[in-house]
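Chain lettering (A, B, C and D) follows the sequence in which the chains are written, and residue indices restart at 1 in each chain.
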């Protein structure tokens, strides 16, 4: 905009840069530092000082079936918790410094803090108990509990990035679980079930987008109603067809575990990440592919354009309706595949409403992850981890009532949404029918 | 019919596979419609029958396929239908709001005997019993609050059988760690866990052993629960937590969620499952990893009650299933018959004697009063 | 354009059998034509037709899974008559049971029993209407409250506790118990409302999470002896005192209770609130256009919080009315699927108070009829879910219903002058025509 | 390329937006399409661009009839378009915006960013633009966004370029740059069809002028025609382009702002140390290119935005601690900049919109319940005074045209006793006839003694109304000058040149439009 050949020097005039003013006026953001300080103090005062003297916390970093097994690691509870708490407070102090000087800290800061906090908590929870903290199971449990959430969140993301709000993830998961079970049972092959599941999810997605694009029906309405429809249909068929002839229609089939040679033998990471069924590996592929394709491919660019500003996309010759239809159906297929996890993924027969509200959690994870594949992945893992943590606590025998432990993931999610995400920016044209 | 409706197409597609070849031969001659319960209407009841009796069943929110007490009761009813040639009606409740209307609907259908399954139906069945003195009612797993003349409670002291299971588990465990967990923390679940815990304790006391029980603390009534009776994934991961703590025998008391536990154990390969309510060797397809089952003979109790009623001998005397009347018990070891020590088996028989004789009392605050 | 024109052309052909001589007759005919067309476009016709289609879909499902029908299908080409007669019987039995269970049972033994179904429909409708109104207020104000379930649970919990833990005089006890329900729901809704107002937390996520938290919270409470006061270990609370129950209206044999008056009163109140009060004006304004509302001086965070508080209060009242009028005893499953059904009720009612009331009646009827249908014909009650969802889907897409029945359409979208279209295109189309929606796109903070 | 329209007709329902339009754009010609808001210009452009398909008539390119099923076809055929409301995605980078729909790829559908960037740079270099290919659209000033749009069109080898109201958002100097770009394009053989309702530009730029009114071509003209001729052709009757007004008689200072700063949530400074005063009976116009802090200034006065520093006092009262509602109730009339997002609620009735910011005040309400009859009566009376064309006051306001909606907003804000009037873009999207009326009304308001703060990006409007003009640039007031300041000086100030320097520069260099101004004055 400055010196150009045709215009006189006038436009080259710039006022003094604005950055100077910014530093003076920008308010100091206390939310994060204060949270860190409070959590750090909690860690110090509760997790550290309440540990009985001389207590030891046992961590187990491998399971008996692992390629390389380790002995349980015993750490002195008090000392470890103290060190971890001090480290947290140091990070908190850093956050205060950064806030006062208006320096932005990267994402590593909260992540590191979170890890330290959780470790301190685990040291406290396991202190002086006969049981140990099974790290591998804790983490692999977190991953397994996250699988349907991750699939669901990816589905939501693809649909919403192209401008179609998808409340029907729950229904898509359930439909996928249903068809996977039925197809697998009928052909007595778990892989057939896995292949069939995406079609069920895609069918629900097709209905969603058909009503949304062709008839401009409010997408939230369609989504909510499709959930009810899928629950109704699957329950109806379950009570009639599936239970009448369970041998034919609803026997369990299990996808075999396929440990990846080499990788699965790495301590901790190996059994947690690389000893799964093909479904989980497909999930890795999908997350990895989406995290690249959404931002770096032609498909992703057009999808985002349609979700942000359909008119603009239209004016460069992108068919808005077609893009939305294709993406929503594709998204449905992803969720349908995730639904297969409930049945063939775990070697289970279909049960009524077995998706148990996970689709809604997936929706939450997607929003929490700000419509970004990596973010959604982290959010889903956070949820899975908190559930798994609750389970670990209950198995090692904690005095906390079971209901409180079961609430844990939901409470954590609310805190995450309210405290650390707050107002998020969805795709601008989300939910708005495009009418030329 | 309505060619453009998408949902028609969708549902057709979904059930399309059902439409098997439509070119079969017509039956020679069609007699009267068979008495399938689906095609029943009011008039059919008047058709001449050997026995003019209708037995009915209302489920709680679990439904007939809960692989637990609803399913058991349903099976008992089916057996009775076959043997006594009676009519039946069933209603699944999808939520609490359905209990009253469902029981009422049964009364309206002219059911001579109506069972409610589960303590949740207590009020609904009790009310119906008071309002319809000429009809009979049964209540499974709970007692009638107002003790009506026409109401029979069918309850089970499952803690006794679970006690045996706990002993066996403790005796069989190689790692010295056993575990149990529940679906939701309610008495009909925790009563199993109480008995199981006592059985493990008994083993420890008798043998000076230190077998550890995970997932339930009878003292504080605190333990592990998956949160519902649906999410099998949660059952699976929870079980894996136990396995990671070296548990090698797990008893899930969580209906279908137990199948998640079974899947985890099968996957693990080095652990065993104890099933509850039914003989899991028969009712699930995880027979090869099931050590034994804590059985609750609901089908038999339902069957017997119907038999009495058909014979006109219905009494309001509550039925309490225990080891003595074999209303509860330990299932055979099936595949593991050889792996369980003879010594242990003998001990189990001794324990049964002790319990029947009252020498040993399995106490549980969750047992039916 | 072509599509609509074609339909406009096609319609008169079918309605005018012979060429009519004489202007007057012709005019009358065209008047009739327009009247018919207007009728076809009016929303209640769409509603009726949607219900018809839904019943059709249900019929297909019932037939597809009916063993007897499958048998006859096996030899369909040998003797098709069997198939049709069997199908007819199955459907007739199922739907007549549905009707008899919901409206009037002509097969009942006593006249009292004959009219009981209608009262059962009303009983079912009470909580649906109240919770539906709560959800509808959210929709009208641009908020998607999925948290009806949790709010109902809290409402029922508070009402129950007040109902059995205290001994109070007749009227006062009931009033306090109801107030407790309102308060419980308001608090639960208020958590989501305040969080949204203060931090912008997405209400969809928060309310979903609060549903689950409420469920476990209730499960925990039901294990506490100080709470249940029954002396037993069963997770069910003591029955509420008679003085706190919503009194029955028709004597024994009927479950209809005074809650129906609460539902009617609440419907009127919500109408007044939304259409006639300044607070309602603010609520609708933030639903339609939060930016403009803010510019007009509306305290948007405060109004946002209030919407969810009031919506929660109504859901809480629904829980209280359900408990005090029907169930009397608090147990873990008290809310059933009411919270989610309420969403469909509000959607079907297009978030209008009267519409919600009627939708609540319809769904209450389906529920009541479904019980009899299941008991009598063994058709799983899940079919009701299918019927409900198909009805709502179709009502939301009138052009589809018209297409199914080959009805003439309204002039399709882009037939308005340009300026009108542009206005519509921006926001009006989605907001004005569809108040339910707003929550979606607007909600999560287009911060500028 | 030669573009020809023959008898193009486009209807929406019963409304005919374009009626038998004939138009020919020769290769290398700059052809202006002149018409009022709502005359059908945009519809015609959208038809050429393939967004609408014509109901009748045909489009010919180099004498070959073409038929587009969508903009993609039009682009492929060599038509490029720069829309009035930019078709850019705020969260995209410049590169992404330019390549959208036309992406160079490598491998399995992955975008070749290097190639895409190279293209952007190449075209920028050809026309001397300086655009950072990595910059986010939402961070760019409007002038730069327009350049991105032009790059976008050119990167697809447009032979016919349609510019829809391209100067609406530019300073005179930026307009000058645009004109030189257009001439460059013309020299390279590109045909340009540009749409505007601004008479001055037409005369300065166009080779040929076609005027349309109510969807029909009503005449052709050459740049030599006078403004009055063009205006009467465009409007269909004699119009006065300037509003007569008495000199201001400022009273005591009413509004006083000092040291006002506003910071965005992201930490960007939006208003930087702004100070100004307005006296009773005076109109102060804020001039400036869109997005230089005017919006934030008005929002801070109303209280929608929190001030990070500084004070605002009205008649001696500090507004700082007051809520939006208190400020409105204390007598601030506020006409927001963007009518559709801030001014009206589309789904509400005209009545409800009429009371939008007084809904809880007497006489419309007793604080709890609203009084519908009173509201309706007042709405009916005032809308008829403001000549709003409506069916009934119970209709949704979305059934009104933009101009009529704006009149409802003005009726609302001007039908009560104001202690201060803040009006942003009061005539945006309003037809010429109504502009006259609105200007008169605003001057009447001044005559009542109300201090008026009017924000406008239209220099014509500013010059027409202002007693004093404050020019804003990047969140600051670059200077305050008398109401009759030279257009070129204002233009320079709008580009950030301080007043004194601007005067000096303007004296030596006139922009095309500035010259046109001078010419017009001489003629007068």
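Note that in this section contacts are C-beta pairs under 8 Å (C-beta built on N, C-alpha and C of every residue); 3 or more make two chains touch, one makes a residue touch a chain.
These figures come from a predicted structure and were not determined experimentally.
Shared contacts of subunit B and subunit D, meaning chains that touch the two of them, come down to A, C.
Ranked by how far their CA centres sit from the centre of subunit D, the chains are topped by B. Contact count check for A-B and A-C (C-beta pairs in contact): higher for A-C. Separating the centre of subunit B from that of subunit C, both taken as means of CA atoms, is a distance of 35 Å. Rounded to whole angstrom units, the spacing between the C-alpha centres of subunit A and subunit C is 31. For the pair subunit A and subunit D, the distance between mean C-alpha positions equals 44 Å.
Along subunit C, residues 61, 65, 67, 216, 219, 223, 380, 382, 390, 393, 400, 414, 424, 447 each make contact with two or more other chains. For subunit A, residues that reach two or more other chains under the stated contact definition are 229, 233, 237, 239, 241, 401, 403, 406, 428, 436.
Within subunit D, contacts with two or more other chains are made by no residue at all.
Remark: the chains found to touch one another pair up as A-B, A-C, A-D, B-C, C-D. Partner subunit C is touched in their complex by these residues of subunit D: 12-15, 17, 38, 40, 42-43, 265, 302, 304, 323-325, 327-329, 334, 336, 340-348, 352, 356-357, 359-360, 365, 367-370, 372, 396, 398-402, 405. The residues of subunit A lying in touch with subunit B in their complex are 60, 63-65, 130-132, 134, 136-138, 140-141, 144-145, 148, 186, 203, 207, 210, 229, 233, 237-239, 241, 243, 251-252, 254, 257, 341-342, 346-349, 351-354, 356, 387-388, 391-392, 394-399, 401-403, 406. Listed in rising order, the residues of subunit C touching subunit B in the complex are 53, 56-57, 59-61, 64-68, 70, 73-79, 82, 89-90, 93, 101, 107-109, 113, 120, 124, 216, 219, 223, 232-236, 239, 252-253, 255, 322, 326-329, 331-338, 367-368, 371-372, 374-382, 390, 393, 400, 403-404.
Those residues of subunit A that touch subunit C in the shared complex are 165, 211, 215-222, 224-226, 228-229, 231-233, 235-237, 239-241, 244, 357, 360-361, 363-364, 367-368, 401, 403-404, 406-407, 410-411, 413-414, 417-419, 421-426, 428-433, 435-436. Residues 49, 51-52, 70-73, 75-76, 81, 83, 87-92, 96, 99-103, 105, 108-111, 113, 128-131, 141, 143-144, 147, 152, 173-174, 176-177, 180-181, 184, 261, 263, 267-269, 272, 308-309, 473-476, 478, 492, 495-497, 505, 509 of subunit D touch subunit A in their complex.
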